[in-house]
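Both complexes below contain chain A, partnered by chain B and then by chain C.
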Partner chain A sequence: MQIKKGKYRLEDRGLNFTVCNDLDFENRGNCFYFRGGNGFGKTSFLEKIIIPRLKNDNIHYIYIGQDIRIQLYTLRALLSIQGINVPNNDEIELLRLWLNNSKSATVFIMDEFDKYFPDYGFIFDWSDSFIRTYIIVTHLSYSRPDAVAEKYRICNVRFELINFDGRFKHVRVKQG
Partner chain B sequence: MAIYNLDAILKTYGDGYLILDFNHLFISSSIREEIWLLQRMDDDAMTKNIMHEAEEFDIHDAKGSKDFDTYSGGQKAILACLLITAVIRDQKIYDLKLLLSNVLDSISHDNRSKLLTKFEAMRATYGMKLFAHKKDHIHEIL
Partner chain C sequence: MVIVKLAVILMSILSFLWLFIFGPFYDHIAIQLLVFMGVIGWNMLRFSVRETISLLRFCFPFVLSLFVFGLIFHYVRLLGRQDWLEDTLVKCLVFPSSLIFLKVILTYITYLDILNLPISMKKRVDLITIKSAFSKGEKILRRFSWYLGTYSELKFGSKIKYAMKKYACLIIALYLYLYEEIENSNRLLRNRYQHLYEANE
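What follows is the complex of A and B.
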């Protein structure tokens, strides 16, 4: 799946993206780090542009969102419905079970997961046998790239505010 | 192991600290409502001050009545911090211990620096101490 370079407008979020390079999420072995200021549309870009494309292309993905609280409840319920024995308090085990039962996914998206676990190398250890592409939103300058670099090519994507015209934030999305 | 355990944070630190947790930044839906709850009245001056300060963080479209759901996660974290500092100034609250849980890591490097500068000023004037919670322990930042 590719996001071609060009302009993408999210009317309801007041965002106008200029994507400067083709973003190739199809090639096996890429780990994208999305960085940029607060409110520059990183999460909106994920939820309104990338994820709809993944759905449209029938590409299975795993998404850990920013607000992990609700997601953990949902995850517990989802696994229970599937008849999987879910431990009461061990949320790491819950995550491992989820990943273990999500092996049809080829894209793994984490939105600021590192604020809960700065050292989240275990995520890669559990998933790199089936995940082709990681997309990681982070505000940390160091995101254990050595854990990924062995198998994945690091691709940094910057979200930069060009200007705000009173209604739309014009944001440049640039890889490299 | 818990990824996210607010109950444990509240149990351990709830008595001595004002806790600002990324997943529970507000109890209402806008800055105006938060101020109303905290000040028990509309406070246009405080709202304007917070909106003015928000501009420094590139939050150009902030409004008192704008729904929190329309801000990004990081923007909400910044607004919550600005709200706290505004109330401390207004009510002249001294020696408050503020505990941030998963808040600073939600904020970009530039904005984090600006925010810490504001907190430093609060420490100098009001004796506010700033702590951050990470995994199962806290450490003092300022």
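What follows is the complex of A and C.
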């Protein structure tokens, strides 16, 4: 799945992206880090551009949103209708069970997951046998968990605000 | 004053139930259609077009399953009745109308109204908790639905199966959320009230 170089406008979010390079999420073994200031549209880019494209291409993916506390309720519901015994308060075990049952996914997207679990190497341990591409939104510096560094090529994608015309934020999305 | 306001709201709810659900206008499809359009318009004015569409989308699977069962009962002439279809159409209007009516009218009860009620603080805290949890729950539905749309595991099987599984998950998630939210908010409010009370003492 590729996001081609070009302009992408999200009217309802007031965002106008200029993607400077083709973003190729198809190559096996890539780990994309999306970085940029607050309000520059990283989450919108994920939820309104990347995820619809993945759905359209029928690519199975795992998405952990920024509001993970809210998402966990849906995960409990999902696992319970699959007949899986869901632990009460153990969030990590809940995630493990979910990932264990999502092995058809090839793309893994995490939006500021490090905010809740600063040391999230366990995610890679559980998923790198079936995930081809990771997309990670982070506000942390260019450090990375060792678990990824060993097996995945790091691709940094910067979100930079070019200007704000009162209605739209014009954001440059640049890899490298 | 707050008693009068709440009495008017309660009377309106009882009148609505008596007139359109249990009473004289229940089986008048034309009137039910008008009521349905009326509450939709009211909801749009009170909230927004987007919120109304989202509410109708939430109701749709329930209305659709009502309709499908009504249709089946009609064609197999269950219990020898021949009015299944008409009765089903009425129910398909009554269900969303009453839900939306209750939802809209209850929003006129404010937190200040609850605080001004001549009841014990414990009961006020309970009422505030319920109001807060349900208003949060309503907002959260769209987000739950969005997340459920991202789970590939739900998509195995037919579209109907997918829709049913998704709605089952939505209801379970909402239930879990409300359960926890009510418990947490209640604990928080009681704690704050207790400490303020002790500080004043």
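Heads up, the rule we're going with is that the second predicted complex is superposed on the first by the 173 of 176 C-alpha atoms of A that agree within 3 Å, B and C clash if a C-alpha of one lies under 4 Å from a C-alpha of the other, contacts with A are read in each partner's own complex, and residues count from 1 in each chain.
The criterion applied here is as follows: a contact is a pair of C-beta atoms (placed from the backbone, for glycine too) under 8 Å apart; a residue touches a chain by one contact, two chains touch by 3 or more.
Bear in mind the structure is a predicted one, so any value in this text is a computation, not a measurement.
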item	value
Superposition on chain A - do chain B and chain C clash or fit	fit
Partner, of chain C and chain B, that touches more residues belonging to chain A	B
Partner chain(s) touched by A:78 [first = chain B, second = chain C, both, neither]	second
Touched partner set for A:51, first chain B, second chain C, both or neither	second
Partner chain(s) touched by A:67 [first = chain B, second = chain C, both, neither]	both
Partner chain in contact with A:101 - chain B first, chain C second, else both or neither	second
Which superposed partner A:89 touches (first chain B, second chain C, both, neither)	first
Touching partner for A:36 - first (chain B), second (chain C), both, neither	first
Closest Cα approach, chain C to chain B, once both complexes are overlaid on chain A (Å)	7
Chain B and chain C footprints on chain A, overlapping residues	67
Partner chain A, residues of chain C touching it in the complex	140, 143-144, 146-148, 150-154, 165, 168-174, 176-177
Partner chain C, residues of chain A touching it in the complex	47, 51, 60-61, 63, 65, 67, 70-71, 73-74, 76-78, 80-82, 101-102, 104-105
Chain A contact footprint on chain B (complex, rising order)	1-4, 6, 22-23, 57-61, 70-75, 77-78, 102, 105-112, 134-135
Chain A - residues contacting chain B, complex	13-14, 35-44, 66-69, 72, 89-93, 95, 112, 114-118, 139-141, 161, 164, 169
